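Here you go, one structure.
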Amino acid sequence: MRTEVRELKRVRLRKPVLIEGLPGLALVGRLAVGYLVETLGAEKFAELYSPHFPYYVIVDERGRIRLPKGEFYYWRSPDRGPDLMFLIGDSQAQTNRGQYEVASCVLDFARRHGVRTIVTVGGYRTERGGSRVVCASTDEELLRRALEVGAVKSPPGSPIVGIAGLLLGLTAMTDMRAICLLGETRGHLPDPRAAKNVLEVLTGFLGIEVDLSGLEKSIAEARRMEEALVGISMEEIAKRHRRPREEPGRDYIY
Amino acid sequence: MRTEVRELKRVRLRKPVLIEGLPGLALVGRLAVGYLVETLGAEKFAELYSPHFPYYVIVDERGRIRLPKGEFYYWRSPDRGPDLMFLIGDSQAQTNRGQYEVASCVLDFARRHGVRTIVTVGGYRTERGGSRVVCASTDEELLRRALEVGAVKSPPGSPIVGIAGLLLGLTAMTDMRAICLLGETRGHLPDPRAAKNVLEVLTGFLGIEVDLSGLEKSIAEARRMEEALVGISMEEIAKRHRRPREEPGRDYIY
Amino acid sequence: MRTEVRELKRVRLRKPVLIEGLPGLALVGRLAVGYLVETLGAEKFAELYSPHFPYYVIVDERGRIRLPKGEFYYWRSPDRGPDLMFLIGDSQAQTNRGQYEVASCVLDFARRHGVRTIVTVGGYRTERGGSRVVCASTDEELLRRALEVGAVKSPPGSPIVGIAGLLLGLTAMTDMRAICLLGETRGHLPDPRAAKNVLEVLTGFLGIEVDLSGLEKSIAEARRMEEALVGISMEEIAKRHRRPREEPGRDYIY
Amino acid sequence: MRTEVRELKRVRLRKPVLIEGLPGLALVGRLAVGYLVETLGAEKFAELYSPHFPYYVIVDERGRIRLPKGEFYYWRSPDRGPDLMFLIGDSQAQTNRGQYEVASCVLDFARRHGVRTIVTVGGYRTERGGSRVVCASTDEELLRRALEVGAVKSPPGSPIVGIAGLLLGLTAMTDMRAICLLGETRGHLPDPRAAKNVLEVLTGFLGIEVDLSGLEKSIAEARRMEEALVGISMEEIAKRHRRPREEPGRDYIY
């Protein structure tokens, strides 16, 4: 098995923008982009598989199983704006080399569909949380536009780890351009509030209108969970929410 | 050396079902499928080698050594039922990528022998043990049949780690179908009781009759061992039963 | 993506000497060679990318991002001495195999530009610091020349880890020759004094004159920082200055 | 760079037996085979390099450096016995896959030189040391011969880790045959006594006479060192004698 995209459906898109939200810090990207996919009614048209994803499978509600994967969705702009392509999924690659391989594969696929602009979405860890949306880009114009709609510039020197960063780095070597929008978060728990903060910037950036009130329920739940956890150490909390990771020989469910 | 299957003997099988039981959690799969192989008198016809298996060799009773490997056995149904193919062995692959590689290799080999249905067998960790057999599948019909003979559906979201899961995930991308049967176990020690629980479901699932009383001796031994260990922490016990694992530079016996 | 050098500009050099200073122990090599590049006004002409570099990107002062990379600079000798080629950058490769791959790539590139002599620069850890410059080489003559300008011979047996060592090891298998110059350092903090010590030897070795007074400010700052840290354990200090490293699944900023 | 053997000299050997002694547990193999090479005056004729060896280089007494490598020596039997080929060196491969790759490379090289029999030499860890020599083999006859000259059979089940084991496992898949001779050792320190014990068996096995008294000095030194260390925990001792290992990002000497 190689890292590869399997197209489920032939789709031709108009000036598509790719928006990436694979699971990462506090699931900010996954929550934000997953919400867009659902609310806009975007349609799945391709899946990405890789031997660098974790070596487990996931069980759904009906007892059906599937490999970890990335999923590409598309949404056609109703008003001559750019069409949107979304990438969400179960996991990032598990090794250094795998991260480069998956990001390259995503980029190749995007280019084949005429993508010129990529937005990656994720979390930005700060000690005390915060509600800002931090951005960095390969491109002055994208950066300026993000600042106009409320993002703040990432401080210099800070590394952006994982696919949200790598996609930008690899894009910089092509004729495409990319920007990341990172919602501030303490990062211990899934953080739907940070996801909402990013979406406010992202929808402004894309010039689309999306009702974000659907996130309020998740935000309330997350707040209740956090309150229930007062007094429990952050490390313990992080541990409870950690996903199983590749550890050779580690028994989980075989 | 590549990951590859070496056939020891040319065999043509009738509608074979592959049953996988490589060592995993509490050795449930290994114990269950190994018992079937022995009791049915299945015959070995192929071996699987891989540079992703651990870098040690194993000494047998006569001082002979061999590489870690997977072993394929076959058994011809006496009554026009499907023939059975078994996969047991010494180890699973040691890395993320190796797991994908070995599972793909198994699948290719199975397909070449006309396998359409795969059953993977393993353990399912629960805090307090339990005696249920949990199942998940790529296929509605297999799932229904397993539920009919006493299995329960896996809760959604839980990952199934290792080859027992990956084989299902990769099968889902082919025209074959697969199901896993996982015996509940606390997972600290080899658990022949969980193996027997799975076998009760598995034999019903396959429509074969196998005398399972031969497992009682192992079950009694395991119970004695567990009683002897009361008061010793579970972590300590797990440590004592852990197999040597790949650790570059780790001195074992050179 | 493969490990590769991308040339930004066609350059023909005269008997070039390659001087490597990727980040390593106490950043001695990076500080020393970076200072040379800046002070001599060397010009960048190529970049090295690798999937073995860490899977994050770096944000600059303007919010622009880039992949970790190596950078090649050149400087033309004004007086018929050898031209100089410099290699600095963000990181070394993250795995054993990646280290060999990147070092081989550097060597191939150097050879294509007519390099016959390579100098690698780094730190040499000692308990109490020290101000000597330790050298080892693939070549008697280079060694003798380094000793003449103030270096001391490396004690036998001590390993030289990372690209500063590997470049020498791989060079020994070619018709090129190489020497390393390693500044003694305690190694906990970036050490501009060790960098200066190496530069004193290196400029003598190369027969060039460079004003090193520009390093005094960094040295004073480093001394103040060290004084401020008296009483804090060295391990703690090292931890604070450690760069983010590849850890699969580790959340940083996604 | 690939894993490969570089021949320094064309040599044709008569029925050569390969004797492997790369560094492993307590350096038993390295000490034993190194002693044979030296005492018999064997001549080097080939070197093995691999990107799976550690990413450092080694400095010799003259300040010259070299990559970690394996070295092949040969010795011509003066009396129509089999010629001997020796493999010693600096390190074993650092990863699971690397171990398989290096062992396969050694085997290919041995076969090309007409080797039919391989002896691997190493240590066998026991709590209280002991002076026996444990053996295991791919071949009944080799095993019997080793038992005749004083070796004891390895207990079943125990894994033999690293190249001393893998060479046997891979040999079992060819028309060659192999045996390992493992000297009992507590394994914390280099153990020249265990090396001597193995050599007594090995020389009997090969039917050659070698004066082993040259090892007495090392044995006396090791005993003194061990006495000096009484009261220091074994873990501490092991730590002090551990060789630097690949750890991405670990600063040693750059």
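A few remarks follow.
Chains here go by letter, A, B, C and D, matching the order in which they are written, and residues are numbered from 1 within each.
Rule of thumb we're sticking to: a residue touches a chain if its C-beta (ideal position, glycine included) is under 8 Å from a C-beta of that chain, and two chains touch if they have at least 3 such contacts.
Remember, predicted model here, so these are calculated numbers, not experimental data.
Counted as hops between touching chains, the shortest connection from chain A to chain D is 2. Shared residue numbers account for under half of those found at the interface formed by chain C and chain D, and the copies are therefore classed as meeting with different residues.
Averaging C-alpha coordinates per chain and comparing to chain D, the farthest chain turns out to be A. Remark: chain B and chain C have CA centroids separated by 51 Å (rounded to whole angstrom). The mean-CA centres of chain A and chain C are about 36 angstrom from one another, to the nearest whole unit. Residue positions 94-95, 246 of chain B are each in touch with at least two other chains.
A ring topology is adopted by the chain contact network, closed into one cycle in which each chain touches exactly two others.
Per the contact rule defined earlier, chains pair up in contact as A-B, A-C, B-D, C-D.
Contact residues of chain C toward chain D in the complex are 24-26, 28-29, 92-97, 99-101, 104, 122-125, 135-138, 140, 143, 153-166, 168-170, 172-173, 180, 182, 187, 243, 245-246.
Across the complex, chain A is touched by residues 1, 6, 49, 51-52, 54-68, 94-95, 98, 243-244, 246, 248-254 of chain C.
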